[in-house]
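Two complexes follow with chain A in common, the first pairing it with chain B and the second with chain C.
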Partner chain A sequence: MQPQVADEAAAGRHAASTSRTRRAARPHPPHQAGGPWWRSRKVKGLGYAAPTAAFVTVFFLLPLLLVGQMSLSDWPLLAGNRGGNAPENYTDITDGTLFWPAVRFTLLYTVIVTVILLGLALLLALLVQEHRPGVGFFRTVYFLPGALGLASASLLFWGLYSPTTGPLSPLLEGLGLVDEPVSFLGAPTSALLSTVFLVVWKFAGFYMLILLVGLQRIPHEVYEAARMDGADRWQIFRRITLPLLRPSLALTLLLCATGSLLAFDQFFILTKGGPDNSTVTIVQLIYREAFQRLDLGTAAALSIIVLAVLLLLNVLQFRGLRRADEP
Partner chain B sequence: MGRTAGPRRNAARLGVTALALLVATGLVTACGSGDDGGGGEGGGAATATGVDDGTTLTMWTRAATRPQSEALVKAYNASHKNRIELTVIPTDDYQAKVGAAAGSRDLPDLFASDVVFVPNYTSSGLFADLTERVDALPFADQLAQSHIKAGTYEDKKYVVPHTLDLSVLFYNKDLYRRAELDPEKPPTTLAEWDKHARAVDALGGGVNGTFFGGNCGGCGVFTWWPSIWAAGDDVLNEDGTKASLASDTAKKVYETYRGWVNDDIVAPGARDETGTTWTGVFPKGKTGVMPMPSTTLGLMPKDLDLGVAPIPGPDGGKSTFVGGDAIGISAISKSADQAWNFLAWSLGEKAQVDVVAANKDVVARTDLASNKHSDADPRLVTINELVKDGRTPYALKFGQTFNDPNGPWLTLMRNAVFKDGSSLDKDNEAVTASLAD
Partner chain C sequence: MRTETMGLKNTLSRTPYYVLAGGLAVIFLFPLVWNAWASVSGQPGTAQESGYGFGNYRTLLDYDAGLWRYLLNSTIVSALTVALTLGVSLLGGYAFARFDFPGKNLLFLLTLAILMVPYATLLIPLYVLLGRLHLQNSLIGLSLVLAMFQLPFATFMMRISFEAVPRELEESALVDGCGTSGALRRILLPAVRPGLITVGLFAFLAAWNDFIAPLILISDSEKAPLPLAIANLRQQSMGAVDYGATEAGVVVLAVPCLLLFLLLQRHYMRGFMSGALKG
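Showing the complex of A and B:
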């Protein structure tokens, strides 16, 4: 059996490259001349792709075009389209007193959440990567909050934080840790930190899972070789784990940053942008324009700008990702 | 992938996908069509009582007035062939929900609205014209005029009162006794209110003097403005385009509230209170005296000995915010006659006395202000009599100015009460700018 195992390991190690070569080497099947046209590969391919293409068209492209049109029109929510007014909606955006603070806050939140989440997720993944007794329990516990919807989790924390009905503040008082009721969401900094805590609690397990998969893709032989060469734990982590984990890290970075820049539910439920407008994110601003100020035009213009920024960011990150993927 | 499934399975999957797609596109076009302009007549001849023929009607209301709407709908369904399906929507999301539904022509047959948002809806053609139907009611002149006025646009009437919700002082008589205050003498000036709150607060042991929703624009409008009105001052001009929320009277009101914050007279959580739980503090029995919505009177614990009093101004006087919900038939409803049957019934004597008054709520008709239920509870008489002293503010941009959690009024409120109030004039200008937007 021994040789076979070795074979499999080798196959696994080079799986990516060999399959690539094989695919490239395989000749295209000869065109079946004379067959009915609907049996041809081209038509079949189109048939398979059509449902997805139709979905993308109906649920992404058409709405996107509509948003584009809205952003160039005077379009109150209650009254409907009143015709073009370009570029008024775009120039209106920066006139709003909340816009630049919201941009700054969204970026600050993204940086804080991304740094904490990725650090913690990596720590958790390293803790539970080895097969030891009980490790399955911890993996499940860490991942469990991720199975909750963000809105439900936010409502749960809103209840916990509430100074009038929540249990956290009386609990801290009972333990003698604080003298008076704690106002978790009552001041700008504590509101931000309380929200960050919720998000970290909710997502750390999910990102841990991605990193765990990445960790387990690193072949044992590499570690063994390093140990034979006398590398200590820190050196192994720095020179082997981190570099080989880069694709997974880049992926989590991409997901985390994009998700944080689009943050809405947690702030909408926990703080409503308060106190004193200190936690207004960009997406909340879009919501406010559309459903508080009932102005779809400005909301659409804001959405287009956010879309452009996200596209740019994703292109940059994908480049980084691809570079990281190269050996 | 999927190769083992075989062609037949694939074909089936394709079929399902295609079907789903058809349904989805059908939905999309259904939402997009019917762009025929609002403000229709609602169809059918106007009769005083409408039609009761077993139609199912849809109706929306907000959580704040849920018990009142539910009681009316339940009584109507039990005694009529028509059936109303009531959907209750969280108060904070109600405007957004109605706005989105209006945009996609998806409004229910009947929808109640916080009376302050009604002008925005009538001017956008969301409601059907009810002028003829309302005028045909034998008691048309006795309907709460502040609601009728808010729902009149270009001389046409679009709504009738649904639930009246007045801001009044609730005070805890047990705590008054313990603080050696006379439980039959509620405050008649803001200064007295301040004195009482401080006396009760001094009891300690988790007891607080008062409470208010300090992160809730709607709460401020509802409970602070009556103190300004009580002194005879205005907060908005006639057409709701200019604010005078930095007047001397207003400053006196803010100062009192600021004092309660600074000296810890308010129950914990006032600073964070976004309006979701502000009415849940008083029934716990540990708060001395605070403004509350009259609709909560019937919901208070049976063993809570509470008194009701008008909200006073700095040097006396009394007023109230005549809020609550007005209700109309949506302009796109195809069952306007049936929907009117419910509205006409809900304003009739039987519904007003046996449902509304029996639940300790304010009746929508002045000729029924004194009835067998209110006569049994002097607190209800106090509230019913307040309707004539109260006001309902009118502004097209009310929601985005006063209810928006990121709007200019909440900024003014918080600066005035949690800070030193030095930015009041500037904040008042921001409110005016939003009203005139």
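Showing the complex of A and C:
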């Protein structure tokens, strides 16, 4: 999201300068009560922006400062602030037995989800790219799960995976693939893969849309020229579609990686971190520190670490995107 | 004759496409269809033991504080979040698009920066902060937080909506003696309506579906919004799991979202496209 911030800053500057030159060239709007019109306009602008400023200050900047302070303090949930203890909260994190397994698991989950999700999303985007009968229907159907909330989708799959009433176990038995009811969420690997399947189902259509926008921005002439030169489908895909799609792919990669690193709802609802704490993600760890171990200080320190990692990821991605934009 | 063979060839070459695209469509639709069917069909251990009927929905009506209470909570939170998001981003978008004021670019950057900070990182201090503001365990506090998380998208969307309106429209209104607020109300508001619909739609869906914010900020089960209530329902029936009631709950949660998506598909896509383009 870094790039868009920078783009916007540039756009803002641009808009500001053009509006200044434009306004100088035309007669001034009539004076508002008191003072030169530009001053009252400045004050009015501030007035209109005031609610935004209040929201950003109270619910964003203040909590950001507070989480920093909390991460450096002994701060039990019930007793409140008991004074600074830096850097104890940070050293406590790595002492916790769940920390490294959670880091490993979150990274593993992120890699698996990102690879499968982007691969499938690209396939879907290619399938619905061209106009042909029924393509609108397919677009809508692929996107439909994206309209649900993640918590609703997780609750849905929790029933779907049920060994007693879910339809999947009988289906697999009927196909002769297994001989006894499958406990999808009962073993670490299958719990992970079952959650991955849910997330892919829920988000594939969303990433398909982003890639579809990218695909449709590739000019037709480029394809025609390649076909004239005798390139086959695979060559066109490798040499033209993929390179020109790189900015969209980079965006989906960033969104998908960020979302997966912060995974919470799906594991909280489907696996509750189990079996045997094998599917505890970092954000679940923050939740556990805060509301089960009642230690807000350590939870805040973990939050700060997650924030730092994400900012780093955004910076790296920004560099990658900038390179992708260069011809 | 020639066209006939061409047609046949076309059909043949299209068949693999429709097999693949259709097969995928079945996989994408299956969970939704199964859940809707399972919520009204008989299962042992649920209120709907056999046959078809709405037993599971009746369980929901009587569960704890009752389905109506949870629906009301979700409606209050969604309505407040939508109203706050629309109000703040309408004024803010107008300010960013049409006015120069000190700190303008900084404030815009800070608003977008909300996107870069993980949800969980902010929720821990917000839990403490809302306590100090006496908004802990309150639907108003929850709505304020949810509206804040909507601001980056909403402000961006409203800013580009205002920037797309020709300046001449607004200036003629100013010449005619409208103040800036009059110009906003009479001239600009109709012009930015599509942007407002998109922003409102996304704010509603986010508020209706959010799970982790109420999980952390709402401690009283009477005040739980629907997703949290349905998730809690699974654990509370004396060890035995009521899958039927959960499936009914998923239907209640999903139907408004699916309907809004199908009705407002164009606005939906606009939001996603601008999300894709701005990135």
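Just so it is clear, the second predicted complex is superposed on the first by the 263 of 327 C-alpha atoms of A that agree within 3 Å, B and C clash if a C-alpha of one lies under 4 Å from a C-alpha of the other, contacts with A are read in each partner's own complex, and residues count from 1 in each chain.
Criterion: contacts are C-beta pairs under 8 Å (C-beta built on N, C-alpha and C of every residue); 3 or more make two chains touch, one makes a residue touch a chain.
Quick caveat: nothing in here was measured; it's all calculated off a predicted structure.
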Partner chain in contact with A:V222 - chain B first, chain C second, else both or neither: neither
Partner chain in contact with A:L46 - chain B first, chain C second, else both or neither: second
Partner chain in contact with A:L107 - chain B first, chain C second, else both or neither: neither
Partner chain in contact with A:F59 - chain B first, chain C second, else both or neither: both
Touched partner set for A:L251, first chain B, second chain C, both or neither: second
Partner touching more residues of chain A, whether chain B or chain C: C
First, second, both or neither for A:Y142, with chain B first and chain C second: second
Chain B versus chain C as contact partner of A:T165, first or second or both or neither: both
Which of chain B and chain C A:F291 touches, first, second, both or neither: both
First, second, both or neither for A:V280, with chain B first and chain C second: first
Chain B and chain C contact sites that coincide on chain A, given as residue numbers: 47, 51, 55, 58-59, 62, 80, 162, 164-165, 287, 290-291, 296
Chain A-touching residues of chain C, taken from the complex the two chains share: 14, 17-18, 20-21, 24-25, 27-29, 31-32, 34-35, 38, 43, 45, 87-89, 91-92, 94-102, 104-105, 107-122, 124-129, 144-145, 147-148, 151, 155-156, 163, 167, 171, 174-175, 177, 179-180, 205, 208-212, 215-216, 227, 230-231, 234, 241, 243-244, 246-247, 249-250, 253-254, 257-258, 260-262, 265, 268-269, 272-273, 275-279
In the complex, chain B residues that touch chain A: 14, 17-18, 21, 24-25, 28, 35, 92, 95-96, 99-100, 102-103, 120-121, 124-126, 215, 267-269, 271-274, 277, 280-281, 399-400, 403-407, 410-411, 414, 437
Residues on chain A engaged by chain C in the complex (per definition of touch): 1-5, 7-9, 12-13, 15-16, 19-20, 22, 26, 29-30, 32, 41-53, 55-56, 58-64, 66-67, 70, 80, 124, 127-128, 132, 134, 137-138, 140-145, 147-152, 155-160, 162, 164-165, 167, 201, 204-206, 209-210, 213-214, 248, 251, 254-255, 262, 264-265, 268-269, 283, 286-287, 290-291, 296, 299-300, 303-304, 306-307, 310-311, 314
Partner chain B, residues of chain A touching it in the complex: 47, 51, 54-55, 58-59, 62, 76-80, 98, 162-165, 169, 180-181, 183-186, 272-277, 280, 284, 287-288, 290-294, 296
